[in-house]
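Labels run A, B and C following the written order; every chain starts at residue 1.
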Amino acid sequence: MRTHTDYLVMETPNRYEIRDITDDVTRIVHDAGIAEGMVLVSAMHITASVFVNDHESGLWADIMTWLEELAPRKPDYLHHRTGEDNGDAHLKRMVLGHQVLLPITAGKLDLGPWERVHYGEFDGRRRKRVIVKVMGE
Amino acid sequence: MRTHTDYLVMETPNRYEIRDITDDVTRIVHDAGIAEGMVLVSAMHITASVFVNDHESGLWADIMTWLEELAPRKPDYLHHRTGEDNGDAHLKRMVLGHQVLLPITAGKLDLGPWERVHYGEFDGRRRKRVIVKVMGE
Amino acid sequence: MRTHTDYLVMETPNRYEIRDITDDVTRIVHDAGIAEGMVLVSAMHITASVFVNDHESGLWADIMTWLEELAPRKPDYLHHRTGEDNGDAHLKRMVLGHQVLLPITAGKLDLGPWERVHYGEFDGRRRKRVIVKVMGE
């Protein structure tokens, strides 16, 4: 069994943003040289998500609108007593999830026709990391 | 380390449906002959879920009613500009998640007394796949 | 490849509760003696969650308030026809998710600066288990 660990650095210009990171993950899986196994893609910050969905800008806007309805940005979160103003981001990131585990078969990401890996940022404009860890043979 | 990869084909008669797929996963784990490890069960389509919950039809109906409240079927998703009409399905699938990783201990799925693996379909009546990938020894 | 399997026993005095279990997971990873790999932390009961977020009591209260809005405790879930009264717990646990997979690099949990693993209980006052399964080398 072998492992290969890499990190993506994310620093979005906007507070809220969605980015397709599938090509980055594909490149790391290729670098790892692992033919059969799995790759974990996991946000290392607690106000960001990693999720699988369609690469379609209309859907991305729908997701952000929907998350704002489910977990609105507002002043009165108790978390803000710490001086933070990102209570909504901590909740939004949990709706989408913060990690995915992608199968690798015959040296390639074994994804369905429309599956793309996305990074969801809910408190951006700062440097964050995503771990990409490959495990297999 | 060994891996074993299989795929379930799902084609539900209804647009919205929940199915218990635990027996299928159990069979594949048995076929894999892996005593210690993990099995990834992941929907390969972006309008379907894989999740763990109780096998109880009342709860299944509660889940569908609840998802319709959280992410209703309606015409005005921006995603529909592409010609699709399944914006709600893309959102519903994210509430439940699209994959689970189940532990295998002593040759068996190491689940709690009520844990059952389910497939959640939110845009059915078409052929879809679920990957079941076992990794271990 | 090696695996190491352990179980945490949870029995909360309150029906609803959040607990930081990072130290327990860290101890088990240390016991496993695995330098490179991953550890699965997964609730074995279907009314509990395992999730990663900030260790901050204000946020924990925000999470519980928010979950009560998204999936309120109320009598009229169909699931209650079975005699249960915990329909809300089955839904709440799905918003946060029931498992996480944590990377292990150079013998340690490879987490971001604020990432902490939590157990979320939504139907407590009874004995439950969380599986912690380490896999790697």
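Just so we're on the same page, contacts are C-beta pairs under 8 Å (C-beta built on N, C-alpha and C of every residue); 3 or more make two chains touch, one makes a residue touch a chain.
What you see is a predicted model, and the numbers here were worked out from it, not measured in a lab.
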Minimum number of chain-to-chain touching steps separating subunit A from subunit C: 1
Residue-number overlap at the subunit A/subunit B interface, same or different (half cut): different
Cα-centroid distance, subunit A relative to subunit B, in whole angstrom: 20
Contacts with two or more other chains, residues of subunit B listed in rising order: 1, 70, 95, 97, 101, 135
Residue ranges of subunit A touching subunit B (in the complex, touch as defined): 1, 36-38, 51-54, 56, 58-59, 61-63, 66, 70, 95-97, 100-101, 103, 105, 110-115, 135-137
For the subunit C and subunit B complex, residues of the former touching the latter: 1, 3, 5, 40, 42-46, 70-71, 77-82, 87, 90-91, 93-95, 97-99, 101, 128-129, 131, 133, 135
